[in-house]
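The following block contains the structure, expressed as structure tokens.
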Amino acid sequence: MLKAGVFGATGYTGFELIKLLLNHPAAEALFATSESYAGSSLADVYPAGPDLPLIRSEDAPLDQVDVVFLSLPHGAAAPAAVAALATGARVVDLSADFRLRDAAAYAQWYGLEHPAPDLLAEAVYGLAELAREDLPAARLVANPGCYPTSILLPLQPLLAAGLCAPDRPIIADSKSGVSGAGRAPKQHTHFVEVANNVSPYAIGRAHRHLPEMEQAIAWWSDPPPALVFSPHLVPVPRGILSTIYVPLANASRAQHEADLRGLYEEAYAAAPFVRLLQPGQLASLAHANYTNRCVFSLTMAAETLIITSAIDNLLKGAAGQAVQNMNLMFGLEETTGLVYTPYLTGRA
Amino acid sequence: MLKAGVFGATGYTGFELIKLLLNHPAAEALFATSESYAGSSLADVYPAGPDLPLIRSEDAPLDQVDVVFLSLPHGAAAPAAVAALATGARVVDLSADFRLRDAAAYAQWYGLEHPAPDLLAEAVYGLAELAREDLPAARLVANPGCYPTSILLPLQPLLAAGLCAPDRPIIADSKSGVSGAGRAPKQHTHFVEVANNVSPYAIGRAHRHLPEMEQAIAWWSDPPPALVFSPHLVPVPRGILSTIYVPLANASRAQHEADLRGLYEEAYAAAPFVRLLQPGQLASLAHANYTNRCVFSLTMAAETLIITSAIDNLLKGAAGQAVQNMNLMFGLEETTGLVYTPYLTGRA
Amino acid sequence: MLKAGVFGATGYTGFELIKLLLNHPAAEALFATSESYAGSSLADVYPAGPDLPLIRSEDAPLDQVDVVFLSLPHGAAAPAAVAALATGARVVDLSADFRLRDAAAYAQWYGLEHPAPDLLAEAVYGLAELAREDLPAARLVANPGCYPTSILLPLQPLLAAGLCAPDRPIIADSKSGVSGAGRAPKQHTHFVEVANNVSPYAIGRAHRHLPEMEQAIAWWSDPPPALVFSPHLVPVPRGILSTIYVPLANASRAQHEADLRGLYEEAYAAAPFVRLLQPGQLASLAHANYTNRCVFSLTMAAETLIITSAIDNLLKGAAGQAVQNMNLMFGLEETTGLVYTPYLTGRA
Amino acid sequence: MLKAGVFGATGYTGFELIKLLLNHPAAEALFATSESYAGSSLADVYPAGPDLPLIRSEDAPLDQVDVVFLSLPHGAAAPAAVAALATGARVVDLSADFRLRDAAAYAQWYGLEHPAPDLLAEAVYGLAELAREDLPAARLVANPGCYPTSILLPLQPLLAAGLCAPDRPIIADSKSGVSGAGRAPKQHTHFVEVANNVSPYAIGRAHRHLPEMEQAIAWWSDPPPALVFSPHLVPVPRGILSTIYVPLANASRAQHEADLRGLYEEAYAAAPFVRLLQPGQLASLAHANYTNRCVFSLTMAAETLIITSAIDNLLKGAAGQAVQNMNLMFGLEETTGLVYTPYLTGRA
């Protein structure tokens, strides 16, 4: 039985982690921290939550756990990672602290000096399907952002095969549920502001998930196409739907949709959480919410490949992928604790 | 491994049943019927549903199953029950066909002659916590209505103890999610009609769940107090919150809330799915949704006991309680397949 | 043209007031204050708002206005009222500061000494339909709370006619939209907490609107029946639906619903904003939202009269009634600026 | 006073028309038709609707009206237009029947022979801001589709100025409220299917509004760039947000956002319902809902101009623009009956 610790257990992703661990047959949560609620129980924060005591970070028994999950704000996660690694625990960081390999880019996008630049080189970017070889030996895993997970998984096979036009931007138009904005109440997450509304924000090249995606695109494609990213807030609690427009390279414009399907089927043949829909189907939040899946579809139009890609931002986009990474780090079956349960396929 | 069959698998409650059975360690769905979708798969109906073939009722291999769940319209369930019982299968009926013991009352409230009046006497009213002794021998279980489940569970201990004023009506003001109205699209379940609205309907003494509740109240209390029942449609997909106002009998008006709590703690000491909240807490949908629990609270005001009672209408109010009944019928642990899973306590 | 000033224009009720005044043919907003946004424009706060400059309270030109609306927190409104009255302006206070006539009750329920107890005696309780005679001479009007407006309007004729059982509590079970909780973001108004949920709060005898309603009940009925009040938060931006259960007095139990209808038709014959629905109809938020109406229905059950009563909490429950009061104070037609406009009857 | 008739008054757009006409100072609804509800009142269909009698189409007194609005299904509108024109009435058709000038294209996209091909040549495409010169003499106006209105208004100045790359597709990713799908209940408009979901449909080049937009693009640009159009259903009752990605032509790539702003300011200087947001602002549904405005913003990224464009689909996207067209047809001020009212800028 793996012993796990969760830092920041009262946020939306932290709480998902706790629930996944409670249900995991080969891992358990040994402790859960919260600065604001230390001394009370998780059941005091979430009406249907388990009666799990919350402790302060500084009281966490790091030496008793095999793995630590960090659901902390950026800037706070890196020091916690340093402390955990020092005790021999392995770390899955759900913050942005180890996603960018370049400390200067981190400073530019996050507005602070990186707290642990020496660890950047060894951090594995935990887009699980594409990091499978590196995870068994990883001490430190940077869990990807939610938007990047929904966008990079369907883009990687195209980029690696050289099918994207290098001189035209890929456009990713994402629609996100409100839990992605965190649990702390803000004006723009007030029910009255969100209900009946759809709001774009940080569109174009302004969102912090942009450099994270550009970094990955450059790994897979040289020269890398530009990326235009437009997130929108929609009145749903959870889920991300990314509609991605990919201009195809000259050589590939004549390709049939069927060929593209073959490419994906090969790339993700061994990926239990990646699901390519049948021709004519389109991905919606209902395809992915309450599951750890990334579900996507392909449609050709005007020499552009349109991908609709859906994930549950709290599962495949955060806590689910973190547990998937833990499974792969420790040699467990990838799907352990993430398999079919009623509400991993629930709707309604 | 229990073999189960599900009639009417594409409605909201039928689909919940399928998901619960897929996740159940000691039972499995051997077949699933649908008149409208026979020949296709459940995955064609629900985007995240399993790839389960749908067959016509008449093709159901009744002789191969131990238990049959009927998620059929009233009037259609009774004949299916007769057929299933004839093959030796036991039956959990989620329709209204066997809830009222009186065929005349059935005819009055449902507008048709009862299709199988001979079976009424043996049908067990499956409010699981109160039917535990009868379930092991039951061939036919009438799964209670969703509203009655939320209202009767917290009322029974009071009625049995004679604490309710006999001459004043109990008032149950219920707020229900839209899945309770079924999956067939109607004008009043159109998104634009439901969103931003709250609508009472069939209030007073007009709803079909009223005689079902009055029947139970008369079992437990003589003379039985009257019941005023006011259902409301609220813009949520699932969940029922019943706010119940109980005028206390003279003798009990002086009772302290603490005494009442003791009464409940004793009545439900062995009930894993009944949860009485701490003083000062009030039940909300978030306490019960995605679980098989009935969660309630007690508040005293003006010699009236106010109970807030929450259930998930599709689980404890339908499919969850049906599986709980199956567990008890077949000698399984009551909570099997209904225990803690991430989304049995999910929120967000 | 009446000159009006609005204190606290950036809250939800303040913004409604501004919109009503902009559309009012006989009044105009001369100034609008906001402590947080002074120096910017109302269009910076509300995307579709008018380009109206926001000033600090202390800079408000009180001597240039005929009437002042106070959309301020309780405790802050009373001093502003004193200042406005001193310049000769008349005041409609939308806070709770002048609703309770008893300074001791105010201190008990609001936790602070009343800032201007000398004004309590002259303040007119502005439930407009029932204050019509006092309003023309009023200097200071206490605009009622939103819940009390929805509950007292349909109760008053019954109480005045002695039809309510004096020894049994009236029960008011109210469902409110989230704008009633104000614009400042709080944990319980976060979209993710509200969506898919229904939450009771302060039920029984704990809400601050209770003493306000008890005070009015005692004006109209001696001895006054007790009131049990249970507010619930529902996932809609605006509107209140109150389902009210009235035990009828012995003498009136034999009364027919038709007689009761006659009572109401007489009581509100001259009230343009009160609408009694036809037998068989029930009030929903869709009947009242975006209007200044109070719409209600009558249903008899078990010697209990069930009233469903709907208002728009921001209009008839706040800004609309405030303008209605202004109209009556200044001798204008009651409906001026509140008549039929597309979105005074809008739906969808 | 203009006399107007409304065909199809009980659909969502028909009801908006009725409300606008009731509030219009220079026009009135003389009759309203409904096949399903003939004989009853509009108040029976909409809880807050006016008490307006509904008649059958065949009983409409066409000879008594100056103008007729057709809120009918495609195929049914054209014959009604023929009948109305024959009596001398002018026609604003809100269906698709006269939007495409090519009867063959109509047959291909709508699956039926055009019922009145002789009228196609004279029909004016009523994108009001761009049809101002033709409207005064128009007998027959084809009111544009909701999606095209949100997309074409911000595209036209760019296309007319030759700023769009001719060889790269313009991409329009639209998010629409559910009222756009009509009032008749369907599975995909059931509350439980829509809530918590975001669903793309008919993406790429499959939606019937595509040829309508391509036709207009070809009017303004030669050669015309291709258009990729991706509509999505979002859980809001009303509003459309279109996020439009325009690859700029070589010659214009160096253009500053400021130059582009100048282009728009000039193009729409005299357009009271077109509003270009300030740099840094992005359009949301809250900017446009309950108004007749089209509100948009400009953002440059990777040589792509990103436009966010918001309209209320029932107003500027249907009934509001129809009234705007009527105003221009009859020489009234363009904004008559569409000006600022509380709920033309409402939020909450």
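Chains: A, B, C and D, in written order; residue numbering restarts at 1 for each.
Here is the rule we go by: contacts are C-beta pairs under 8 Å (C-beta built on N, C-alpha and C of every residue); 3 or more make two chains touch, one makes a residue touch a chain.
Values in this document were obtained by computation on a predicted structure and should not be read as measured data.
Novice: Would you kindly say which chain has the C-alpha centre located farthest from the C-alpha centre of subunit A?
Specialist: C
Novice: So using the touch definition from the top, which pair is joined by more C-beta contacts, A-C or A-D?
Specialist: Most contacts of the two pairs: A-D.
Novice: Roughly how many whole angstrom separate the Cα centroids of subunit A and subunit B?
Specialist: 37
Novice: When the centre of a chain is set as the mean of its C-alpha atoms, what distance in Å lies between subunit A and subunit D?
Specialist: Here subunit A and subunit D have centroids separated by 39 Å.
Novice: So, what's the distance in Å between the C-alpha centres of subunit C and subunit A?
Specialist: 46
Novice: What are the residue numbers in subunit A that touch two or more other chains?
Specialist: Correct list: 12, 179, 192-193, 195-196, 235-238, 284, 286, 289, 347-348.
Novice: Line, ring, star, complete or other: which one describes how these chains touch?
Specialist: complete
Novice: Which of the residues in subunit D end up touching subunit A in this complex?
Specialist: Residues in contact with subunit A: 168-169, 171, 173, 175, 192-193, 195-201, 203-205, 226-228, 230, 232, 234-239, 241, 243, 245, 247, 282-286, 289, 299-304, 306, 308, 347-348.
Novice: List the residues on subunit A that touch subunit B in their complex, please.
Specialist: Contact set of subunit A toward subunit B: 12, 15-16, 19-20, 22-23, 46-50, 179, 195-196, 237-238, 284, 286-291, 293, 314, 340-348.
Novice: Where on subunit D does subunit B make contact in their complex?
Specialist: 12, 178-179, 183, 185-187, 189-196, 235-238
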